Amino acid sequence: MSKTVAFIGLGNMGGGMAANIAKAGFVVHAFDLVQANLDAAQAAGCKPFTCAKEAVDGADFVLTMLPNGAIVEQVYLGENNDGLLSHVAPHALIIDCSTVAPANSRHVGKAAQDAGIAFVDAPVSGGVAAANAGTLAFMVGGSERNFEAAKEVLSAMGPNTFRAGDIGAGSVAKICNNMLLAVHMAGTAEALQLGMDNGLDPKALSEIMLKSSGCNWSLEKYNPVPGVMDGVPSSNDYQGGFMVDLMLKDLGLAMEASTGSKSSVPMGSAARSLFNLHKNSGGEDKGALDFSSIQQLYKN
Amino acid sequence: MSKTVAFIGLGNMGGGMAANIAKAGFVVHAFDLVQANLDAAQAAGCKPFTCAKEAVDGADFVLTMLPNGAIVEQVYLGENNDGLLSHVAPHALIIDCSTVAPANSRHVGKAAQDAGIAFVDAPVSGGVAAANAGTLAFMVGGSERNFEAAKEVLSAMGPNTFRAGDIGAGSVAKICNNMLLAVHMAGTAEALQLGMDNGLDPKALSEIMLKSSGCNWSLEKYNPVPGVMDGVPSSNDYQGGFMVDLMLKDLGLAMEASTGSKSSVPMGSAARSLFNLHKNSGGEDKGALDFSSIQQLYKN
Amino acid sequence: MSKTVAFIGLGNMGGGMAANIAKAGFVVHAFDLVQANLDAAQAAGCKPFTCAKEAVDGADFVLTMLPNGAIVEQVYLGENNDGLLSHVAPHALIIDCSTVAPANSRHVGKAAQDAGIAFVDAPVSGGVAAANAGTLAFMVGGSERNFEAAKEVLSAMGPNTFRAGDIGAGSVAKICNNMLLAVHMAGTAEALQLGMDNGLDPKALSEIMLKSSGCNWSLEKYNPVPGVMDGVPSSNDYQGGFMVDLMLKDLGLAMEASTGSKSSVPMGSAARSLFNLHKNSGGEDKGALDFSSIQQLYKN
Amino acid sequence: MSKTVAFIGLGNMGGGMAANIAKAGFVVHAFDLVQANLDAAQAAGCKPFTCAKEAVDGADFVLTMLPNGAIVEQVYLGENNDGLLSHVAPHALIIDCSTVAPANSRHVGKAAQDAGIAFVDAPVSGGVAAANAGTLAFMVGGSERNFEAAKEVLSAMGPNTFRAGDIGAGSVAKICNNMLLAVHMAGTAEALQLGMDNGLDPKALSEIMLKSSGCNWSLEKYNPVPGVMDGVPSSNDYQGGFMVDLMLKDLGLAMEASTGSKSSVPMGSAARSLFNLHKNSGGEDKGALDFSSIQQLYKN
């Protein structure tokens, strides 16, 4: 008999993820506050629920994809311990795919453990296109055993799952990765602009740096200068992709984590400042542009 | 009959480069102020000269590998136009492989053009090991024609030569690449330390980021955390490799270029500050360590 | 008849503050978890309490001086609404002098308002010496009326009280001020070191900048170079004064506030990174040194 | 009999300076390439010269106020030692008031010494208004004796002259001071914006910080938020005052000096990046605005 997955949060990312789980043969109990999202989930083969508690009832897996850590805590813990944790089946495995602070993951994970329920944090790498295509990667925090169990569902949404460590480690890995992404994207934009300002063609400079020690993912997959690379946001007016606002959210989590662990993050802080200055530059909110639009901030 | 290459500057890099040119069948007129370097060049098949003007006399190519732009200008231009430019054969091609400011390349290149002599700037990517092994890459600034001509010699020292643009463009490309390298090395060290400070194993985190959007050359070829990767400076007490002092020299050139072109380089500036703080931290000069030792600065 | 002040938190700062309130003629109900602090308070004329709820019972003012916002929330709100708020007299005015996030002030202030109790946040400017001497300044958030009422007690601890705005505004002002302090202290150390590295005497350079546009509080009251100014921490091995760890706490609050308000704080972020790098530099924790010891980080 | 001052460079600053020297009773030989500047100088009581060499002939003091170090070197040294140095009277004192790199001052100063001619570098603090009003301050590098001699002329242009050290020290002091000014101006703008973004009135916050440890010259004399302070550029659409482009020039000199002395200047570098980003933000060159317009960059 098919296993049941309760999926909470059918937004931009969650919609495609739930659909892929259903496609893989799971019974998906889909919950969201927005009716249109429920309708889309139903059309994709999920069973819609208008009550989250009913959605998780008896489910083998509970998967959440929510906007932030406060909401994740609210959903699982509730105000007076009346959150989903007290409605989840004892044998269920909770998989939180939301991007949250490690402290949120650890807080909810601890409460789950106290209630005898298995938990992993499993934030994703990849955007809406990858969510729809089933090509997400997952950075997982939890025990080896729960990690292996989670793979059964996660593999329906993408081929790559990595165990980063114990509960919270998935969130830490996501934050570290995205901070590093912000750093090399800003650095790549800056190096390309410095080259252009000194007379170089950005395509020629990109090709040289791709084969040299400056090489990085931003340069290879996501060149921020319009016209250098086809099929990337920079060649589509910075539409689509990974929004500046989402990068700022992740950089905010990195700042928070660094304060907690008393770590120095000068490059990540500088990147956060630049993306924030960019968002607010020129008198309009640029938060909805793809994050490679940071190139515009450097323009002379 | 074999063509003649005058090679000026037989230091750590130049020694291996001259040897590889000789090995490729060129007659190499080797010049250096240090006798031991001349002896080594002779042992490698070069013909030693104790006078630079005699070394360049009649040579088909003049190749310089010198410590900085002031010395390059001095060697070619001299005090009263008595530099090598007035002793080079009219048909010769000058190839300056030194890492210098674009302004130096353009200054010497202009003087060469005025004298009717062909010139390219061709700074290298790769360190002493690559110089010895003949696996350097070259970023070349000059006309298409001179670029093609230079390849005859450059290919003896490494398989990859890139034309970045006109005279000075090689120096610009080198500076942009190394600034970006400094940025992602510092960012990688910072992300790994943030992960470790939050309980992650650096090896696990490195593997995850290598397959995610944080991927970059520093993470892939040159992990800065001791013990994560074999055969890199971080696993050898940060000995060998590319010295902090050399990275600081290149970052200084990037600052200079950015001031000239009125470009904003916030990430490169932050990286320069970090490498400089690192050099001076803990009461001893760390300038001779490999640049991945920046990891030490972040250590909690 | 004398009014009663319940004073919660008799640490380094709170001890002197409670003593000055007692000296001004108030009946002070002093509470702390540490017996030695209670003994000292008693010696200074306060009435010691080993139960906070008893201490606030019937008090006209409740004043808290606690280590951080989580503790402040815990003390006033408790786990299940059993915090001090439910034990404070209806006519009492709560004055929280702790340095906390504006969000903490607003959270507790809102709960107080809901309970019909007056509240102001009133973080202090000045250190232990000022607390003992009764020369603190207070940045107050709350209504005009509550601000005026609070002055009755605050004036016992220092001559300067400023109303920054409504509840939470005191905490915002404190954070902004201390972020700016961190920025100009780091900038002053940096400018002095740049001067020294270029051959200038720090005393001569300080005197010039004091009379020029570089002038700032750090230069005027708190020169960070040993030997330039008498009676400041830099001339006493950076002992005493305002600890690096406390500055880092305030800068952490600034980062948190900036994330919440989506503000760009590039200079504050850079300062936070520098103080954090300084704390961890050289293999020992420098968090207990005075914050002007940032000068050491710059030393060549 | 009156002493003679040759004044080279009658631009925005130089015009007023030469006029004040004439007003003090010196015979002023004024030279500039622009006829309109010569006419204005003549109207102010100077004797106009269309040949610099004739202007300096026999002069007791030679004062230069030129755009940058390259021009200063060109004017004094010339191409083939045919600069003004070979035309200046042996007893003359050269006073260079231009803002240049310390290396320029030292280079020209050394050449002057070799020629047996006294030299001081004496860059100014204060803008066009101060130049006209005779209220400039001078930071002087040179021997005690030459400093005392220079005061005879300098005191005609402003009441404050400081000796910073030997030749070049005036330029170092100017650079350090202006770097620190840039740091606290950017920090002040940032702190005020953080406060405003968190609901504070900038006037109230400014008043609090003025009386607290955040106090600095930018806050006291030059508040960057429009409407807080009367008679400053921020309340006049950032017109007048000290231009962004001039601040960028000085920050470029600071970067250059720091590279030369291998000093870490993280705060100064961050400030330079911010002023450069500001200059280029929003699609128009903001270099001609007053530097306190950096406030606009922070605006949310």
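Each chain carries a letter (A, B, C and D) given by its place in the written order, and its residues are counted from 1.
The criterion applied here is as follows: a contact is a pair of C-beta atoms (placed from the backbone, for glycine too) under 8 Å apart; a residue touches a chain by one contact, two chains touch by 3 or more.
Worth saying up front: this structure is predicted, and the values here are computed from it rather than measured.
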(message) Of the chain pairs B-C and A-C, which one is connected by the greater count of C-beta contacts?
(response) A-C
(message) Among the chains here, which has the CA centroid at the largest distance from chain D's centroid?
(response) A
(request) With over half of the numbers shared counting as same, classify the chain C/chain D interface as same or different. (result) same
(request) Please report how many Å separate the Cα centroid of chain A from that of chain C, as a whole number. (result) 38
(request) Compute the distance, rounded to whole Å, between the mean C-alpha positions of chain C and chain D. (result) 39
(request) Could you give the separation in Å between the centres of chain B and chain C, each centre being the mean of its C-alpha atoms? (result) 51
(request) Find every residue in chain D that makes contact with two or more other chains and list them. (result) 262-266, 270, 273-274, 277, 280, 297-298, 300
(message) Per the contact definition, I'd like the list of chain B residues that touch chain D in the complex.
(response) 248, 252, 255-256, 259, 262-266, 269-270, 272-274, 276-277, 279-280
(request) State the interface residues of chain B toward chain A in the complex, per the touch definition above. (result) 102, 125, 137, 139, 160, 162-166, 168-169, 172-173, 175-181, 183-184, 186-188, 190-195, 197-201, 204-205, 207-209, 211-217, 219, 221, 254, 257-258, 260-268, 270-271, 273-274, 297-298, 300
(request) Please name which positions on chain C make contact with chain B in the complex. (result) 266, 270, 277, 280-283, 297-300
